[in-house]
Structure formats: C-alpha cells, structure tokens
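In the two complexes that follow, chain A is the common piece, with chain B as its partner first and chain C second.
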Partner chain A sequence: MSRRRAHEEEDGYDRLQKKRRRVSENQEIEDRLESLILRVGEKSTSSLESNLEGLASVLEADLGTFRLKILRILTDCAIRMPEKCTIYTTLVGLLNAKNYNFGGEFVEYMVKTFKDSLKACKWNAARYALRFLADLVNCHVLSASSLLQLLDNMIDTANEDNVPQVRRDWYIFAILSTLPWVGRELYEKKEAALEHLLVSIEIFLNKRSKKHHNALRVWASDTPHPQEEYLDCLWSQIRKLRSDNWAEKHIPRPYLAFDSTLCEALQHNLPKIIPPPHQDSNKYPMPWVVFRMFDYTDCPEGPILPGTHSIERFLIEEHLHSIIELYHLERKDCAAHLLNFPYKLKIPLEYCIVEVIFAELFNMPSPRFLDIAYGAMLIELCKLQPSTMPQVLAQATEILFMRIDSMNVSCFDRLVIWFSYHLSNFQFRWSWEDWESCLSLDSEHPKPKFIKETMLRCMRLSYHQRIKEILPANFSCYIPEKAEAEYKYAKEGAAALPGTAAAHQLVVSFRQKCTPEEVLNVLKDLPNPRPDDDPASESRFNPLKIDVFVQTLLNLGSKSFSHSFSAISKFHYVFKILADCEEAQICILRNMFELWYNHQQMMIVLIDKMLKTQIVKCSAVANWIFAKEMCQEFTKNYIWEILHLTIKKMNKHIIKLGGELAEAREKLARAESSESEDEEEDEDKKKPEDAEKPTEEMVERMEEKLEAAQGDQKNLFLIIFQRFIMILSEHLVRCDTDGRDYNTHWYRWTIGRLQQVFLAHHEQVQKYSPTLETLLFTQDLDPHVLEVFHQFVSLQG
Partner chain B sequence: MVYIHFPANFTEEELMLQNKYQKLKKKKKALQVLRAPKPEPEKPIIPKRPAEARDAKEVAKKLLKSGVIPAIPKQQKQPEQGFKRPRGLERKLVSEKTVSGYQPFSAVQNEVGPDNPENKPPRIKNLYDSFASARDREERGISEKPKDKPDKPRQGNTIYVTGYKITDEFLKKHFATFGSIVNISMEIEKNRGFVTFDKVECADRAITEMDGCMVSGIELKVSLARRQPQIEPINDATSSTAWSTVAANHSQKGNHRDKRELVTYDDMFD
Partner chain C sequence: MSSPSIKLSSYRDQLFKGSRGDQDKLLRLTTTLYVGNLSFFTTEEQIYELFSRCGDVKRIIMGLDKYKKTPCGFCFVEYYNREDAGNALRYVNGTILDNRVVRTDWDAGFIEGRQYGRGKTGGQVRDEYRTDYDSGRGGYGKIVAQKF
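After this line comes the complex of A and B, so read on.
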C-alpha cells in the first residue's frame, strides 16, 4: 500500500496503471499465500500431511519472489497461533529439507523475534517463539545441543542476583513450558544434558520464596484440591512427564509422518542468545495460583478429566486460556471456539471450560478482562450447548458455594457479581431450598452472607417486588429492604426536630427554582448545635445546616440517579460553602447515609459523583467508612465497593497528571533540541511546535500539582492502613484479654478486606511500601496483620 | 501459476441450479418462519450418511425378504448408494424441523483426497478449495455433539397447551397438581403455552387428564410438545434442569410481566 502511494505523485498515468497492475497481481498472489499458510491445519477434506506437503511445494516454488513475505507470515503464525505450533514447525522442516538456506534464514528471523519480544516485555510472544524454536529441533531444523545451550543461558539468567524474582521466575516458566514439546527429543539425544537442566531448575525452585502464594489463593484450604503455586504445579507436571519417559498424548505431531524426509535434512545451530538484562521499567508477569475445582469424580461417565499433575491438564488449560484471550471481545465467537476445542472428544470439555473461565474470573489480584465478559461468555456457552453446559455450571455453582467458607474476599465479591448476573439472565431461577441449612447460621457466616449479597446485587438488575418473589417464604430474611429514601422531615413527629421548619421552607424554595444564594439564606438562621465551635478552629461548620440541606436536596432528587446528579451540580456552590473541611464533608456523607441507607447503589453513585465534583475529598470517604457509626455496615460489600472506587479515583488522577507532565517535559525537551540543532529549518514546520511548546514555568506548575496529588494519595493510603491496623489490633488485643478466639467471621472479613486493598491497588501502593514499612507495618505489630503486608511486598519482589 | 478464467455468462445448467437454489431458500425461510418461536434446544445431529445407509439397507432387506427384488451383486452397491442419496437428501430437507445451514461434504470426496496424494497435484487452487470448504463450515459455529439416538416412542416432559386467553398463572395453577413445573413459556397472543415438568410421567398424566377438559370455562387442548428440550441430568445439582430449560428456550426474556404500579415524583431537577 505505502509503496504504491509513494509512486503515485511522480509517475505518469500510464506508468502508474502498469505498476498498479503488477503490484496488484503480486498482491493477489501474496494474499493467496498468506491465506493458505494461515489456514493450513484447519479442517479440510484432505489430510493434514498431504496439505502440508502441497503447501511446502507451493512455497518452495515462490521462495524466489516472496521470500521475505513468507518469512514474515510464518513467524507471525508461530506467535499468533501458538496452538498450531507443530503444524508450522513441520512446514518449516519440509522447507528446510528442500532449501537449506531458507531454513537458516527462518531460524535467524525467529531468533530475532524471540529477542525482540524479550526486549519489549512481550512475555507470551517470547514464550511462543522459544517453543517454536524448540519444536524445530523435532523437525531436524535445529540441533538439540544448540537448543540446550540456549536453555542453559536462560537458567543462568534466572540465577542472576539483584533482579526481581518475577523476572527469574519467568525464565524458568518459559523453559518448563517448552519441555512438553521437546522433552522427548532431548531425552533421546541428550539425556545427560537434559537431566542437568532439570537439576538446575529443581535447585532454583527449592531456593525460591513463595510468600505471595497465600495472598493469591482463591481458597485458603487445600482440600479437596490443592491450590498450587504455578511454578510448583508445572514442575510437578513436568516431573510426572519425565517419569512417563516424556510421552504425552495431547500435542499433535505432524512431523512424525515426514520422518524419512526430515531426518535427511541438514540441521542449523542456534546463534548464541543472551537474554537482555533487567531494566527497572520492565514489567514481568505476576505469579499466580493454579485454580482447581473439579477432578475426575465430579464428571459424569465418559472421557476422563486428566489429573492435576498430568501435563495434558496444563496443555488443555493453556490452550483454553489463549482462546479466551483471542476472542474475549466477541462472546459468541468465544463460546463457539471454546466448544469446538480440537480434543473435545477426549476430555470432559464442559468441565475444563468452566474451570478455566472461573480461574480467570477469580484470578488474583484482578481478572484479565472485565468480570462481565466472563459472565457473558458463560451465558453464550449455555445457549450453545443447552443440554450440558447449564448443568455443569449449576454443579460448579454448588461446589463454589460449598467451599465459600474459605474463599478469598475478592473472589467472594466476584462470585456474588457473577451469580446475580447469571440469575438475572436465567429468570432468577435457582433451587434455593437446597441452601436451607444457611438459615441456622450466623448472619456473618460467608454462606448466608453470599445469599444476602446476591439478593442485594439482584436488586440492581431487577426490582424489589420481583426479588421478593424469587425466594422461598422461609428465606424472607434475605430479601433486601425496598430501596427508598427515608426523609425524616416529612415523617410523623418531625415537628420536634430542630430543622423541620427550615426543611419545609427549603422544599418550597426548591420548588420555586431558587438560586444557591437563596438556599443559603433559608439556612442562615439555623443554630449551630456544636457548643464548642471555636471560631478560631479550622473546622468551622454547622452540622444542622448540612443536615437540612443535604437530606432535603437529595430527597427531592430521589426519582433517579440523573435527578440526583442534576440536583448536586445545581447546588454545588452550597455544598462548597457549607463543607470546606474534611469533618464537614464526613457530615455530608453521614446525612446521605441517613437518607439513603436502604439504597446501596444510590449511595455508591452519589459518592462517586461527589468525589468527581470535589464536594468530598477521598480522605473524607475513607474516614467515614472506618467511623464508629458505620460499624453495622462494615462487612457489607457495597462499603468496600465505595472504598475501592475512591482509591481508584485518586489513582486515576495521579496517572493522568503524571502522563500530562511526562508529555509536557518531552515537548519541552524536543523544542529545545530542535532549536539548538538546526535553526535554519523551514519555518512552517516549526511553527505548530512553537505554539504548543510549554514554558518551563508551566512544567514546574505541573510538577507541583503532581506532587500535591501524590501527597494526597499517600495520605489516603496511610489513613486506610492505619485505620485497618487500629481496628484489627484492637480486636486481637480484646480477644486476647477476654480469652476468646480471635478468628471470628468479622476478623476474617476485615483482614480479607485489608488484603484486598493491597492487592487490588498494588501498583500504586507499591510506591509507598518503604513509607508504610517504617510508619505503620513495623515489627512490633501483630504478626497476623504484618503477614498481609509481607505477602504484598513479595508480590513483585 | 495457473489461473482459471470464469466466463461472464452462466451456462444453462448453472442458471437452472441458481433457480433451484432460490426456490430451496424460499422453502427454507417459510419453514423457519413456521417453526421459529418454539424452543428447539438440542437437536441431535445424526451423522447423515450412516443413518441413510442404514435406512436404505433396512428397506432393501425388507424388499429382499419379501422377494420383490433379487439380491444384487456386491460391486453394484456403490453406484446405487450414490444414486439414492439425492432422494434421501431431498426428503431430509422437507422433513427436517429446521434446515441446518450446512451439510457435511459428501464422503466421496474424502475417499479420493488423502489416500492417493498423486491425485492431487499441489496447485494453489486445489489446496485453497479443500481448506476453504471446511473452514466455512467451521465458522458457522458448532452445534451439539452428534448423538446417535434411534427414534424412541415419543415422550418428553414438555407439554403443549392451547386454550382461549390462557396465562402463565393459569397454567401454573392448574398444572402444578401433576408434578413440579420447571418451566412455563407462554405465547400469550397465540393463546398457547409450553409447560415443562421435571418428570416425564407428570407430563403424561397431565395430557391424559387435561386434554379436552373445560377448566374455569376454558376448553383446553393438551398434547406433547413437538420439541422436547432433552435434558438428561449429568449431576445432582438440582438447579441444573431449571437452567437447562431456560437456556434451551430461544427467547431468553422469559415470560415475566412487570406488575409494578407507576410511581410519580415531583420533578424539580430536570
């Protein structure tokens, strides 16, 4: 395309036409080649082997003209379609047998891709490139010894000192995940060297710290299925593979059919590859815990689910994960491709899919994609396979509910969100009677809490009257209150309240479309109930004025979110005048709560709005959540939804300011360098840059703004963690003196929420971990609380 | 490189085929319109050829037994099968509930392909064709795993009820006595509904006892629904069946009717 455009200006019409024809002819052939290469291995009327043979001959004939194009397509396929790795390695093997030079060029190209991916921190691409190179050993394109040399170099990289563990882990993971492909070949040809490699890996794994493991688990308990750290799990799978003499049953190996052709080909040696050194800006994949919820006993008769430590389980899961990654934006395609899994007859596919989707949904610290994506995927799967999928999903739900006692708080939240969403798409049907045993449990127990929170969430997707109907009669305690405003100034006995007269006056004024100043006028005579309101103190405010104003205004806007929003923005000025200090802002939140305590979603959106319009500060929200009067609400999900949205708002602000500053700095630097370098450059090119060029002063001001915001952010985290430490320590000490067990439901919820704050915002909290360590998480703290901090620190260590 | 040039005009035969295709398309549409609103959950796709082969075989056996036709020497079986298939296919197209969007390619092609690679010079055109056909099929999405189920005497747990102005409450009230109802889906405007019970026996009883009855002044016609969401429990999660029936329904919206009363507010912040 670009080539063509470049010529257009200089060429005459005739020449252009001629060229266009030639280019488009070539283009056509190229497109055909590309399509053929892309499609090889898909279902076809003839065998894969004959297709590969045919394609190899076609490509060989075209190598002269389209060499570069073919190289590029093949490499792209290797990276983008890792599931077809062995098909493409066979193709390259056949080409290498026909044309040794091309084989060499391909290896060179692939090595370059591998190195570039490492440099660009494209870890999966790098892993696929490595796997491809390894599989080329099977196709007699590369020598086994040169691959082992590369793997040894990677082991050396993993054993470097003073680099993050996540980097070292990745190199080991990359080697291990390559072995299912090439293990057998290495075992046959270089057994001693392979053993040496494995011993080095074992030594590495034994020395490795796994403090993060507990923080990333979905379930605290290891029964019935152990929740293993990913490297440990893969290592066990590889060991099992080794004890099976490296024979696996999952990977198709088309090159076996061409053994006689391939073994005559000459092999290349890999050049020496040294992985690029660590940079502080590099981001490495986070560790994870392998999620397991099914074993073969959960599945009905038929194909057997491979065991936890069989390499097939790893290969199946990896493949399913990559399908999800590829199609997560298209739920219908995604469901279709998942159900069309190539080995579907050999495994209980529905179980594998459900387990993998829940593994993604529950991934700690956060799922790869929006939780709604997984919910939508599951619904499509149910529609596409209605005879089995809904049943497997119902069984999964039962299992998840059964094991919810030891479930991580973040996953508990996600399970509530998914289940309510799924119910809302399935006419809210569920056999609640099976869960009757919950009725006798403490209401803070995770099981009854799950039902309660699910109902609250269903309220957002439906309405009170409907929700009332879906539960059996004896479950009435789980039906949420009707989400209505409780306006105290219109209730019986309101006359005795000090603000009633003003409130009624205010309603009249609002009806007459008054201005903010008039509102202040109505409120001006309300007495200040705070006796000790020292005029000299910083926090001067009148709680009665705030009470009357906030409750009356929000009540009048109660029709919808948008009515409330427009009420807030219309009288923004009044909010600012009445509440300029944090304490007054907490007072606003308190009054909002008094009016709306039955409507959680309303409170969430109102706080979001007030944060956005800067009526309340983030720190005010945090302090309000931890205040004594909120202890009734403390373990409810929506409170934490509010806290996380508050932290997120702060973080986003910081990221935005940081981005702006970086951009301005870059512009400034560019402008300066272009000025000094060539002043004679043509005028029109320079002008627009000059106009945009920020002054030093502007940059400085931005720096100050960012610093101030970072101060706020640090303050916010300090407040939150300090309050956590206070309430948790208090609880632990009190239990100790009273001789009670500290491990109550409340304690588990609270410590779980602390963990959640660390994990969900780990990227931002990380910056302050030295401060947190010196100021808050000191050695004299209770070890239970300290443990949470240490887990967090080891996450990216 | 060899390029095949296609003439601009269609041959007679092509035109004839085109016309035929259009007609078939119309028929297919008409059929779909006719059947569309009903749940059609899991239609086990029986592999076409084997089933037909068996059909043909059965017919042939009978004919042989009755002495209508003499036994044919074995070699002739192949062409005869090939000859008969179109007729079978035609019957399939007419008799099938919904016309499936595609048919697997005939096995004849398969036999030539892989077994003698000499047959297949590695020309782009050929390769391309063999890939493309399969791919198109795949892209349409996947249907249920084919299940070989011979025709049992028709039974199922979903019944079809018609009656003037019946509602889902009406059905719930009068059919709950026969067993627990997993799902009701209504076509209010057509005065009919489908009731799914958890057990086949309940459905049977409901049909025998209610068909032709007058209930609350409404005459009911009750029969087995033509489409039976076949749900065989594969585990003991009790909600399985409920979710399965909902999933099997084409309309996901269900039959819920909002019974709330209108609430009015003072609109002051519009």
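After this line comes the complex of A and C, so read on.
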C-alpha cells in the first residue's frame, strides 16, 4: 500500500477508487479484446472475412487507449499460433490500411520479437516471426524488396566462417520454410532477386557436410522410402514448388478477399536486420532425417497422401508437429486437435497423424517428449476414432515389423517399449500368427528378437501365465522364463557347495532379526578361495563371503522390490565392509546375477539401488557388463537398460553438482558486492541472509567435488568406449583372419549399442570428445568403428 | 496454458493432521501420488514398470488391508521431483494397468499408517459400500457380501 499524507487522505481515497474503477473497466475491455483476437478464425456463424473486417474496425477504434496491448496480443498470436499466421497477417494488413502508423509500429514490434528470439535461441519462435513478416508482404504491409534484403542478410549469416554448421543450416532452413507463404508474391514482383536467392541457397547446400545423416536415420535401408536429410528434402520440395510457378494450394489466404482494400495501403520497409553473432553458449537445433513410413499406396481409396516432395507434405507435417508441441501436456486435447486438423478432408488424416507421431517417437537422437506421451496420445486417438484409428495403427505396426531388420537399435528399443505398452492397454490382443515366418529365423535376428523382447516387457506389465495365454502354441519359444530367484543353497546338491553351512546359518540369523555385526560374525570363518599372494588384486576381499551374503540376503528379499530394498538398507554396512574395491563390487553384481538371472527387472532395480546407496560404483557396473562371463547376456535389451541407467545416474549427479556450484557462486558474488556497499554501516547490524552466505572455502570444496565427479564421469565413458572398441576390433580382426563376413547379428547389435551410447548421452559425451579422439578413436582404428565416432562429432559441428 | 491433468482434485484426506490450508500447500509441492482402483493382485513390479516410464520412481508403498496385511487395491508412488509425478498424472491416469483403469491423484505425502485401508473390515472404504461384483477386488462390497 502506498504511503498517503494525512491531509490528502480524502482526495487520495477518491482518486484510488476512481482509478480502481477505470483499471477494472480497462481490464474488462482488454480481456474482451484479447478474447476476440485469440478466437478469430475459429468456428463461427459468420464468414472469416466478415469477422476479420469487424474485428479490424473494433481494434482501430481502440488503438488510442489499447495500442500497446493490441500489439502484444497480436505478436503473441503470431508466435504461439503459427498455423493461423495468414489470419493475423490479414488483420494487421487491414489495420495498416486504416492506420499507417500502427502498421509501422507493429512491424517494429515483430522485428524486435524476431531479433529477441534469435538472441534467446528460441528457434521455432524466430521462424514463426520470420514467416509472419514474410506474409505481411502478401498483405501489403511490407515491401518485397525489404524482405528480400533480410533474406539476403540471412544468407550472409549462413555463409559465415568458423561457426557451427548447425547454426548456418538453421538460417537456410528458416528461409526455405518461409518461401511457401511468400514465394508466389516474390516470383511475381521480384523474380530475378528470388532466383538469385535460390542460387545462393543451392550453392550452400552443395557445400555442406552431411556426415550426421547416417547417425540420425531410423532405418539403415532406403527401401521402400529414402530417409532424406531434412534440408535436402525441403530443398526438393521448394524446387518442385518453384517448378509449379510457386502455385501453392494448402495455405489459406484470407487477404486475397481484401485485395482491393490492402492494395491501397502504403507499405513499410523493414529496418536493416543483422542476425546476432554466434556465441559459444548458443544451442542450435539438431539436424534430423525426414521420417517416412507411408506413401499413397498404403492408404485406402479416398483423399490422396501428398507426395514426398510436395510442399503440401511439408506444410501438413509441420502443422501436425506444432499441434503436438502445443498440446503434448494434455493428451485428450492433443488427440482432439489432431483429429480436428483444419484440412482433414483433403488428406488421409489418420495416416498423416500416425506417421507424424512415430516420426517424433523415433526421432534421433531422442524424442522431444516422453515416450509414454506418444503412447498415451495414440491410445486417446484410438478412443476418439475407434472405427479407423486402430486399423491404421495396426497397419503401421505391421509395416514397422516388416522393416525392423534395418531399424537402428535405439528405435528398436523404443518400438519394443511402445508396443508392449500399447498391447497392455488392449488386453494384449494381436494376430501373432501373421508373424509366423520369423520362427524359422535365427534367434538373434531383429524380428524374433523383437517378439522376445516385447514379451519380456509385457510380462513386466502382467505376469508369466498371461504371456503363455496370449501367444499361440508355436510361439512358445518366445515365452520368457518365469521371473524367479535361483537360490543354489536351497537346491539339490547344495551340500557340495563350500558356503552352504554358512548360508543356512545366515538364514536363521536373518529370521531372528540379527544385526550387521552378527552377519559378519556368521561369515567370518569362511575361507578365501583367492590365492593369498595374488599380485593383481588391490585388496583382500573374500568372494565366498560375498557369495553367501549377497545371495542369501537378496533371496530373503525376493518377495518384492520393497523387501529387497529394505534388506539392502538394513545390511548396507555389511556390503560396504565386504566390498571395498571395484573387483569386489563386480563380485557382488556377479552374485546378484547368479540368483536373479531370470528376473531382468529385479536386476535392474537392484543395481539402481546399489548405485544410489553407493554399494557399487558406476565403473564397476560398466566393467561387469563387458566381462567375458556376461557375453551370453550381451545382446539382451535389459543389459543396455542397466548401462544407460548407470550413465544417467552419473550425468544427473554432475548436473546437480554443477547447479549447486553455480548457485553458490552466485550467492557469494552477490554477498561480496553488497558487503562492499555495507562497509560503512554498523558491523553489528547483520542481515539474516549472512547465515546462508557460502564461504569461499565452501565454494572451493564444491568445485573440487565437481571436478572429482567429472573425473569419474570421464573415466566411465573411457571404460565403456574402450571396451566397445576392444570387442568390436577383436571381432573384425577374427572375421578377417577366418575369411568370414563380419556383418553378423552380434556385430550389428553391438555396433548399434555403441552408437546408442554416443547419441543417447551426446550432450555429456561431447565434453570429452578431444580426449576420446586422442586416446581411443585414433586413425589406426578399424574404419567401421571410427565412423561411429565421426558421425557423433558431426552432430554439433 | 492451463493444464487440467495436473490440477488438484476435490479429494482431501479427512484424517490429515493439519488445516485444509496446510494440506493444500503440501498437495501443491508434493512428489507423491495416490494410485487407486488397482486389483488386489497387481504387484509392486507391475506398478514400477508402468510408472517408471514417467521418471525415476523413488519408492512405492503398497496399500494394505489393515488386518490381513495383504494388498487392498491402492498404493503410493513417490517420485524424486514433481514434474515426473505430473507426467504420471498426464499420461498414466485413466490408462490401463493389469487390465484395469488406474486412477492417480496428488497425495500430501506418505506417513506411517497411511498405507492401511480405512474400511471397517480392513480394506478401502469404497470396498465396504460398493454394490457391484469386482473379481479383482474381492468380489462384492463387504456390506453386500455380508447379506449373503
């Protein structure tokens, strides 16, 4: 509340009341204007043209009081509703015709939005702003020549030296994706300049590197649909549009109805816009590969699916992607808006939607939203359109299965996870017999492997007996083992094992609620099978003690995850005592595996828990996965689930420490600057925040902690990549020597898994690229392996 | 953009120790979800598998019959951060787990004792009063079943 001097109180109060009334009236009008503007173009009893005309008049009248608000709302609409671009540009065009100054102010506002988006690396917003500016040429608000000047400046930016290619690519992409709106107008008014622009773009495209292309493909094969690099594809689409004389039929153009009015308006010129220079901290959009799984032959009779190089295909896909972007947090709204696509009568809508959703799910290196978001969207779509959507989805699944041989490993995983999730929502109903042909294939072939891995996931969501019920009899080889513990000390023949007596004693102790010390006591007399004078080992750990303890304890907790976690927690101390070095930790993992090898999900959560409670280190897990004894498990999906959760844990830890350090540094800096100001104040007057202020020493310790953690992270990646290189090189050399084809199933899975590590964690791995290049991925490496590294490097190049 | 999927529902725990304002505050900060309409046979493993798809699960606490100490059709799922819990509300709520539609809602936080059903016969209150036959939840509601 503001201070009021006593004698003015009466006046002040009145003024306040009047102001309140005015403010609330103004607020009401503002809200009404906002609502009118936001809703224009939506379903209405009147035509769009009359709505626009009416709205333009209303806004013109309010330009006096609400100019700034109107500017802001229109700009917001331009950025947040790019699919309504032409509606709002028409509105601006009409306003400009009525009020030239307003038109000029709007252009300034939009130019600022464009520049701010570029500076803030908000790339989609920048593109939508550019599109809006371009369309303003169609509405006679901007001159064609000034737009071309801007586009030329952007070409100059694209041709800069010593900046990442992803930056340069974006500027060309932005220009190309704008041309569908304004190409025709430029062709009619400034053909020569437009041609010149296109030639410059062509030169750029011919020179750019596309090394990243193979890393981002979903399928290794280009049959039946080539997977084009995104800029190549858009360029083909623009070239086709140009060959059609820029006649584009998809975008609605309300301004055509107002041509006579708009022609009378005076045009503005854009100010000179120089894109902000590159900063090392800038993050540019990653390149992508255009995902295609359907062509017009896949769709039934009806509206035709636009061809791969038609601009319509690009526009439709971009629109569908932006609907997903806008509504991905509300799956029901998302499905409704997708099915309500404005031009749905012109296209086989379900096919387009399914293709776009799978495009996002299979996006490399990773989908922009959670996998489950797409799964949930597809379920909602099936609910809303039960007569058509499930069939299209089934057809899509069939297609994906047919082409799974050449699908990359990351996408294979996602397909397994999606399919099992989808089935679990529809009583696991599927026509498995259609896939009978895969019974005759090698079990490591992607097709049978897909079925096997899907069943494993389905079992996690249901139970063993259910899986037996859903598969036909001849598919029994794909039924997973029952997920049960195999506790050797309670089986026949256990008497012959060295640890049995201690194991049974331990069971009794556990049942009597013993302490960790008592456990160690039970184990203390177990002999150490390792030779006393083993020079290779760092410590004197006893694998037999670990065996008896780990297997007995985890078997005791076998009833559920919670039971196991509780057991681990209660006897955490024993773990730490028995396994103080990495070798011993690997021994823990080995024993966990011996007990739980049939329950993949249990092993995953146990390892997660042991990492979290620091019973095992990340490097121990990595080394264990690549150990010779695990080679039978090596190509199973769960192994990689374990590796990736391990890497992610490390990554999260680093990010957390980095965040804490940055916060502490900031607090310290602020405290220091305010200290110098307060130097003259009374020392006794301490501010409450002083207690929170970090000391230099604290910050230093945090820095050391982060550095140590980064050392661990680098070490982890080095271990993983080195192991990959070793086994792959060994395989390649052996095949070469024996004269065999190296391209076995095992090879394809393994090299795929290597690539997956790079792509799934590229942001973190990037930090160590120079080290990796110097130490591991040297020129003498087999080219097949080196290629994977080079493709990864090219992603942010 | 409003996000109805993650809004607070109208349910408030009647046995919550504190004011309505306190409960609301906790609900707005919590990373724990209540999950209901589970079958008595749905396992912790199944719940882990589904809910892990929204983020790392910190812990799951199965709801138990107060006397029998067996699952009675609900649980708590706790995440490490609120965003992950919100994603479960967006993408798992209303979908199927173990052949039943699951319902999820914000929960003010697990306290020892809240894992037990509050119905007179030990299960959830709703299983006392319902009149339908639900094979996954012990058949008829308890009051109806007593009449036979």
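One rule holds for everything that comes next: the second predicted complex is superposed on the first by the 764 of 797 C-alpha atoms of A that agree within 3 Å, B and C clash if a C-alpha of one lies under 4 Å from a C-alpha of the other, contacts with A are read in each partner's own complex, and residues count from 1 in each chain.
Note that in this section a contact is a pair of C-beta atoms (placed from the backbone, for glycine too) under 8 Å apart; a residue touches a chain by one contact, two chains touch by 3 or more.
All values reported here derive from a predicted model rather than from experimental measurement.
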{"item": "Combined model on chain A: chain C and chain B, fit or clash", "value": "fit"}
{"item": "Which superposed partner A:L520 touches (first chain B, second chain C, both, neither)", "value": "neither"}
{"item": "Partner chain(s) touched by A:V111 [first = chain B, second = chain C, both, neither]", "value": "neither"}
{"item": "Partner chain(s) touched by A:I372 [first = chain B, second = chain C, both, neither]", "value": "second"}
{"item": "Partner chain in contact with A:N425 - chain B first, chain C second, else both or neither", "value": "both"}
{"item": "Touching partner for A:I29 - first (chain B), second (chain C), both, neither", "value": "first"}
{"item": "Dominant toucher of chain A (residue count), chain B or chain C", "value": "B"}
{"item": "Partner chain(s) touched by A:S558 [first = chain B, second = chain C, both, neither]", "value": "first"}
{"item": "Partner chain(s) touched by A:I251 [first = chain B, second = chain C, both, neither]", "value": "neither"}
{"item": "Superposed arrangement (fit on chain A Cα atoms) - minimum chain B/chain C Cα distance in Å", "value": "5"}
{"item": "Residues on chain A lying within both footprints (that of chain B and that of chain C)", "value": "425, 427, 463"}
{"item": "Of chain B, residues touching chain A in the complex", "value": "1, 41-42, 105, 109-110, 113-114, 117, 120, 122-124, 126-128, 130-135, 137-138, 141-142, 144-145, 229-235, 237-244, 246-248, 252, 254, 256, 258-260, 265-270"}
{"item": "Residue ranges of chain A in contact with chain C within the complex", "value": "326, 329-331, 370-373, 375-376, 379, 417, 421, 424-425, 427, 457, 460-463, 560-562, 565, 601-602, 605"}
{"item": "Residues of chain C touching chain A in the complex", "value": "1, 3-5, 43-46, 48-50, 53-54, 59-62, 87, 90-92, 95-99"}
{"item": "Chain B contact footprint on chain A (complex, rising order)", "value": "29, 32, 35-36, 39-40, 42-47, 49-51, 53-55, 57-58, 298, 300, 332, 336, 339-340, 344, 382-395, 397-398, 425-427, 429-431, 433-434, 463, 465-466, 510-511, 513, 556-559, 563-564, 566-567, 570"}
